[in-house]
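In this document, chain identifiers A, B, C and D correspond to the written order of the chains, with residue numbering beginning at 1 in each.
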Amino acid sequence: MTNNAYQQRTEELIAVGKYLDEHGWVPATSGNLSARLDEASIAITVSGCHKGHLTADDIMLVDHQGASLDGKKPSAETLLHTSLYARYPGLGSVLHSHSPAAVLASRLFDDAVILEDYELLKALHGIITHESTVVLPIFDNDQDIARLADEVAGYLSANDEEQTSCYGYIIHSHGLYTWGESVEEALRHIEALEFMLNIENRLHGVKHS
Amino acid sequence: MTNNAYQQRTEELIAVGKYLDEHGWVPATSGNLSARLDEASIAITVSGCHKGHLTADDIMLVDHQGASLDGKKPSAETLLHTSLYARYPGLGSVLHSHSPAAVLASRLFDDAVILEDYELLKALHGIITHESTVVLPIFDNDQDIARLADEVAGYLSANDEEQTSCYGYIIHSHGLYTWGESVEEALRHIEALEFMLNIENRLHGVKHS
Amino acid sequence: MTNNAYQQRTEELIAVGKYLDEHGWVPATSGNLSARLDEASIAITVSGCHKGHLTADDIMLVDHQGASLDGKKPSAETLLHTSLYARYPGLGSVLHSHSPAAVLASRLFDDAVILEDYELLKALHGIITHESTVVLPIFDNDQDIARLADEVAGYLSANDEEQTSCYGYIIHSHGLYTWGESVEEALRHIEALEFMLNIENRLHGVKHS
Amino acid sequence: MTNNAYQQRTEELIAVGKYLDEHGWVPATSGNLSARLDEASIAITVSGCHKGHLTADDIMLVDHQGASLDGKKPSAETLLHTSLYARYPGLGSVLHSHSPAAVLASRLFDDAVILEDYELLKALHGIITHESTVVLPIFDNDQDIARLADEVAGYLSANDEEQTSCYGYIIHSHGLYTWGESVEEALRHIEALEFMLNIENRLHGVKHS
């Protein structure tokens, strides 16, 4: 890792936080943002800061087990990030938003939100036609993050043949996790998933064509 | 109280007003914002100004009985602020927003809005798990502010064992009162409560999981 | 009329147009904004311009019959403004927004929208308690503006005992007209009426407390 | 074509992209924007860029068959633009937004959205009264753009007596195409159509006046 790469990822995460806040997707101090630097380290937002007003001080370095490399205090949810980097070698970024659409969807739908027919599915890594199906599973919320990470891992192992099969998951009344090869791609996934979640929420209970 | 503290609280309240206005939570001249300075004085917005365009002239000093200390005219609702400071020694700020979500909730729900299961409950002072219950009582609106303050006081005395049991209340067709140890914390409470009120309003009348 | 007053009203109308556009209340070239200068002249937006990007050139002078005083072309709806100034001697401004809330309300409600119990009613000129009732009548849209002005005049004559009894009206699928003693007051009326219309639309068809 | 005209259209398309993005109408890399330069060339956004952050590099030149004139890679949907320019000699711009309102409408309504009684219909080219009817047909989405262009052409040939009869169409779960004599007019059409689509979506399933 060069200092240069760390600085660049930091700037990208700061910009993502500002974007998410402008859309109301990281209220109060919710949300977590990270980017892989190399085999030894990950840049991730520290515990308890507002994602809409991040400074370089609010980004820290952890190793791939989630231990702090620079003395700052990592968020409890860091494990949800590191376990995804461990699973997907090509992964460059994990973004967790806490949006109204994701929280509402978790209360309207049971086990998953099924996304079909949307042209915007093509904004997701590797998808080339709207005739695709993407499943966003909904997990129960849990303050025991290790247990929650295990549940996510179990689901992904059972359902995820390759990196492009699963694009994200929802935690009940808590928000959305998504990821991508780069911060830019992960943010594109958020934009697309948020759009489709809003439509699905709006259609809930409506008899439609 | 140093002039410095007064200046700092004034700047914080001006920034909060701008933030609330950008979200549509203080339409026309609605809303009131205050911060405790010391045992002798409270900084609070004057009567009749637009909270989105506050200047230092729109902030005034009152004593803990709500009497003007600088000749400016306090809002009729000042008593709702001073009575909260009197009740909670650790309180640093009281914020009253007049948001669509709070007004709508007061018309959709009867006596209270019950917030449960939200991860965002953890944004409220002292809450450490989503497995908590927060009750936002709804009081009838009343132009007799002393009578309204009494009703609020009666409810809080009966239900509020310590500062962290009650986080706010709604006045019917009028808006939300919330508070915190600092202006920053009170604003974080507004962000969290507004988010959850929007979800509860959306779920009203919907059969959901 | 001094040039100074004309310049000041022009600046106010430009600012109002920008505000309305930022809220989505004057889509395309819809909306009309005016301010009374004196017994001889009224400043009003010209025909066909976008209200979000007004320049001084987009404001013109008409007399109290709506005839151009400066060679610019007045909007067809100018008569709806001049007839209000003729009716109410103390009137300083008439603002017509074309908002989603007003258009939706005109399709959800039959003859009028009734506003009751809102604390925000106190933002309307002369109202001092939420225990007031304000009626926003809904008129059929009509390309014959003289005929529409007559219908409005007939309603106001029958229902409006003094300036403060009627605060505005809705034209079906077309928008809201409101007014005030100054541009600032008329804008405060828009803010308050838009807020309440949004709540009423949301409550339409909902059984609520 | 002068370089000057190319530069001017480019600046207009960049501004339109920013406007659409600010409204959430071109999520991720969706949407396509074009302007006719002359009988030999059309300026159009390149494949795969975010329309909210366009630079001059993201605009390319194609001929009227959609072939690249400058070596850049055109979007797959370029054919939907060129076929409209071929059909309508007076056409100056085609804009494709990917808005929530258009996607939702395509899922709520069957074959078309019918717009009637709106004053805002007068924002559409040549319409002078709200007593008009505008039909926005809904076509199935298709990754075979030539086949989709044929379906659009068939519909327009059957229904479009002159340029002003059809103002746009919706592709299922994909978005809105509209057009105008200039970029400014096409954008005015988007503003008006988006407004009316939002109202129609809101009224879906509601018994109203």
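Convention: contacts are C-beta pairs under 8 Å (C-beta built on N, C-alpha and C of every residue); 3 or more make two chains touch, one makes a residue touch a chain.
Just so it is clear, the structure is predicted and the values come from calculations on it, not from any experiment.
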Quiz item: Going only between touching chains, how few steps reach chain C from chain A?
Solution: 2
Quiz item: Which chain is most remote from chain B in terms of Cα centres?
Solution: D
Practice problem: Write the angle of the rotation needed to overlay chain A on chain B, where the fit uses Cα atoms and the result is rounded to the nearest 5°. | Solution: 90
Quiz item: With chain centres defined as C-alpha means, what is the inter-centre distance between chain A and chain D in Å?
Solution: 32
Exercise. Could you give the separation in Å between the centres of chain B and chain D, each centre being the mean of its C-alpha atoms?
Key: 46
Quiz item: Could you say which residues in chain D touch two or more other chains, in rising order?
Solution: none
Practice problem: Please categorise the chain-chain contact pattern as a line, ring, star, complete graph or other. | Solution: ring
Quiz item: Between which chains is there touch?
Solution: A-B, A-D, B-C, C-D
Practice problem: Sort out for me which residues of chain C touch chain D in the complex. | Solution: 24, 27-30, 98, 100, 103-104, 107-110, 141, 143, 171-175, 201, 204-205
Quiz item: Can you list the residues on chain A that touch chain D in the complex?
Solution: 117-120, 123, 128-131, 188, 191-192, 194-195, 198-199, 202-203, 206-209
